[in-house]
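See the structures that follow.
Two complexes follow with chain A in common, the first pairing it with chain B and the second with chain C.
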Partner chain A sequence: MNEIYFNADAGYLEGIVRGYRDGLITLPQYLNLTQCETMDDLKLQLATTDYASFLQNEPSPMSTSTLSARCTDALVAEFQYLQQNAAEPISKFLDFITYGFMIDNVILLITGTLHERDTHDLLEKCHPLGFFDTMPALCVATTVQDLYSTVLVDSPLAGYFRECLSAEDLNELNIEIIRNTLHKAYLEDFYTYCQGLGEPTASIMAEILMFEADRRTVNITINSFGTELSKDDRAKLYPRLGSMYPEAQTRLARVDDMDQVKAILEQYGDYKTMLSGVGTGASSGGAGGDDMSLEDRFFAREVQLNKDSFEQQFHYGVFYSWLRLKEQEIRNVVWVAECISQQQKDKINNYTPIY
Partner chain B sequence: MAAVRDNVFPTRMNLTMTKTRLKGAQTGHSLLKRKSEALTTRFRVIVRKIEDAKLKMGKVMQNASFSLAEVAYITGDISYQVRESAKHATFKVSAKQENVSGVLLPAFEKDTQQAAGGQFELTGLGRGGQQIQKARAVYMKAVEMLVELASLQTAFVILDEVIKLTNRRVNAIEYVIIPRIENTISYINSELDEQDREEFYRLKKIQGKKKERAANAQRELDEIAKPTINDGSLHPDFAGDFTSAESSSAGVRDILAEQVDEDIIF
Partner chain C sequence: MRAREPSRQDVDCQLFELLDCLAEYQQLRSSSGGLLRQAFFDLALAKRAAGYRWISPDLYSGRARANSTVAIDETTSPNDMQVVRGSVGRVEHTSETSECDFVRRRRGRGSQGSDQAEIPEDDDEKPTEPEPAAANDPLLWFGMLTPPQLKDAQRGFASSLDQLVRLAQLTRIMAAKQQDIQAALAALSVPNAS
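For the complex of A and B:
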């Protein structure tokens, strides 16, 4: 990547994204939000943020799901603006970001098809960022065979499907395994693509994606304890990248409980501290716990990494980072809203602040 | 009320029967009263349990919906996946009956199949699986509470109904049936007494009549006998004296004659 020519293609968009970043809710604003007593108060407080225009037309008893939907609308609107103004190679990069959402959407539709539901209703449930042109066509297919042979090959995800799964797999495998296989393929592909973009995007994205891969590895390991997922299958779901690949992954594939996971992660400075405060049982999780759960720690680390990517200029990582931060922000706002509407004020501070 | 009584014929047999009925009614009354008391005790226990359960319910449901919020925080919307991956019920409720002093109360029992508990255990594999399992456990507990509350609530309604019914019966027996039977008994008694008195009076009357008739008969006999006696017993010297004081001596003679008569009769 040549810094000299960067601004010719990406300067405007980078400026926009950095502007968006400044629109993220800051800690004092979060403090104000957590002081709210009712959803109306919260709405009033949010009127000073970027979400104002999306929330102002909502009728007064606002549910948290509405709030979540409107915030997502705001995110989508901003992201789509970026996409519309992007040229190669940023547009390709932005497309790559949306593939993750596409996988979730496709999985949703496959689930519907497998259970012979009317998949048209599901289109509304799909994440708007993961919407692609041929997606409504997925609803036409009534059998999984049709879905695979005629429709999925046309979708942007065709490559991942071809590599990892056959049509039979769609019928036989657990839908979650399919999802994780696809995500793994996507992560690896995205990583390879980023490496092709040259410095500094490659190194920044590498850090974020490797963390994402590590998180996936640890999560899959912990969540597969005591399930029907065999250890070989578990190993197959680990993304083939990240700081744990391949040495720690082969060991993680064989562990049976949390203590062993901890022992393996001892070698990694980043994760050593992350796991130290987490209880041994799988039940210790939950954002509502007194101390932070593993997921919370992962979120905090993700936020940190994404914040760091804004410290450098002339790279594409900011787009990805901004999207991740924005997602986290929506989660935070919705969390605060949930706490307010359910009157669980003691847990209201368990969000992950960004700035 | 006081005048209400059974329409029976005041006979001694009916009196005995009514007395048996009274005894039966009293036994029934005490039995029903005891039943009502037993049910009321049970009812109180249930009311207390319902209160506890309802208070706890609020807490548990709050926790449950909050754990769902946690899941939403970590993984987003998983409802569709969970719904579609559920193939058969893992939580079943079976109803059985419990007998509390003759009242059949339905008791619901949960029937969980732990073996099949992991239908969506892979949901959230990549992220948030722990939270999902936790939410699942919390909701499981909430449903258990609901089942418990449901059986308590049904028992509450049924017991309430039965207690009302029993109390109605107890009161009916106490305030309607027993007084009526007692009225009947006293009616029969009074009628019988009346009959006794009538009978007694009749007997007396008959006796009186008999005596009168006997007296009359005697007098007639006397009337017939007097001349003969006079002829036989009285001396001719006295006859002159007696005629002068006839009216006074006639009474004396009457008494004498009666006395004599009586002696003769008996």
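For the complex of A and C:
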């Protein structure tokens, strides 16, 4: 029955997003990109992709930051087209996707305010998909209570701040804790929402979001080594879902180095396969694409999950998956550009191809 | 008393010194080039890991100032360059008011390291050793949980600083020696002295 009514509500948009999916850069196109010697060559090769219209007016030489910004503009334009043509319930799903960007914008603004950056500059740097009406008022908040009571109480993020209100002043440590706590609450809420949408969206999104939770757990663990974040605080930042919840998370909260992280992950079938061949210097990028780091393997796994999402019809997961695949594509293109700029041609193949 | 005219042996000695400086320059240039190349690559890796939006000049502090400077005494020894390293904790304070606000914010959740809540009054006081995890480490501009690659990049840039200063110093020394040699050759009335 879901199939019958799905097309009435979201059939057009599913067709659009599948068209977007078909516009993703393929492996032969990536091979052409990696053969480029200069940024101008790269720009010429990208003229045959969906980024053509966004890059054509950029003056040479184009920097990698400009390339990243223009590619993001292309993604934003496509996603906003979906939002503008969406009605309930698909519009709610698309709004949920934007909450992650809102969290990033909130953190960017309060961090910039802490560091005495110009407010107008900060607002221009925010992600367009995460913009909400009261966002500019964030720059006047000095405590978490101010943040909540004056700005965020009327925003979609209000419910996620419940766990953050115990923090007092806004300093670097607290801001990082707020950032990860918000993402944790968002992920859990998104998961619960997707479960309420029924099959097949529930199962497809569950697998994707649980993997995202696992990746966040591992990244928080690795990035917290040598920082002021206590082990108890580290454990509080882990999302309460995923295959690592709760047993592996309890153990990961106590580790001190990469070897211990690997030892724990190897006890889980999926991650054991993923970790095979990853060395102790797993945090650094591989050389020439043959030596994949842990991070590259997480990217590859994410790409596979999101590609698999398109194998079924009549579910909302395709919208989330397309967005993540597009972000990965931008990451790949900018990586190739960085290698060209830095004359690191032996590392240029260290991207994650999608199709 | 007339200054002793340079002999050919003196010129030879100066030439050998110049060649020694050149050898050191080439070696340092190769070494620092490798360090910087790796550091920029680590930075690219960090941007890919954390997101290009999160590791960018957009997150630089508005109160940032140089943590290390190069001291040159132009009057007495212009070829002598010394790297003067401030504390990692000195990066962000200008006026007294902003300094107090910053202390108040930092003391909101101080945990490890008793030196985090202290603002030494003497700006020239040298620390013992800069620690990447210090309270005012510039890496904190990008968040507390930065990817390890960003820390590697910082380490690479910091370690190349001394070499780069030495390269600048050698450039000055070699230019001075070249002038001395040219003058000495001219004094010896050697053709093709320039």
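Quick note on the criterion: the second predicted complex is superposed on the first by the 322 of 355 C-alpha atoms of A that agree within 3 Å, B and C clash if a C-alpha of one lies under 4 Å from a C-alpha of the other, contacts with A are read in each partner's own complex, and residues count from 1 in each chain.
Everything that follows uses one rule, which is that contacts are C-beta pairs under 8 Å (C-beta built on N, C-alpha and C of every residue); 3 or more make two chains touch, one makes a residue touch a chain.
Please read these numbers as outputs of a predicted model, since none were measured by experiment.
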item: Which of chain B and chain C A:I175 touches, first, second, both or neither; value: both
item: Contacts of A:S230 with chain B and chain C, given as first, second, both or neither; value: second
item: Chain B versus chain C as contact partner of A:H183, first or second or both or neither; value: first
item: Partner chain in contact with A:E116 - chain B first, chain C second, else both or neither; value: second
item: Partner chain(s) touched by A:P59 [first = chain B, second = chain C, both, neither]; value: neither
item: First, second, both or neither for A:W335, with chain B first and chain C second; value: both
item: Chain B versus chain C as contact partner of A:P28, first or second or both or neither; value: neither
item: Contacts of A:Q344 with chain B and chain C, given as first, second, both or neither; value: both
item: Shared chain A contacts, counted only where both chain B and chain C touch the same residue; value: 64, 68, 108, 111-112, 114-115, 117, 122, 125, 174-177, 179-180, 219-220, 222-224, 226-229, 283-285, 295, 331, 334-335, 338-339, 342, 344, 347
item: Footprint of chain A on chain B - complex, ascending; value: 62, 65-67, 69-70, 72-74, 77, 80-81, 84-85, 118, 121-131, 133-134, 137
item: Chain A - residues contacting chain C, complex; value: 64-65, 68, 104, 108, 111-112, 114-118, 121-122, 125, 127, 167-177, 179-180, 219-220, 222-230, 283-285, 295, 331, 334-335, 338-339, 342, 344, 347
item: Of chain C, residues touching chain A in the complex; value: 37, 40-42, 44-45, 47-49, 52-54, 56, 58-63, 92, 98, 104-109, 111-113, 132-133, 135, 140-141, 143-149, 151-152
item: Of chain A, residues touching chain B in the complex; value: 64, 68, 108, 111-112, 114-115, 117, 122, 125, 174-177, 179-180, 183, 215-216, 219-220, 222-224, 226-229, 237, 282-288, 293-295, 331, 334-335, 338-339, 342-344, 347
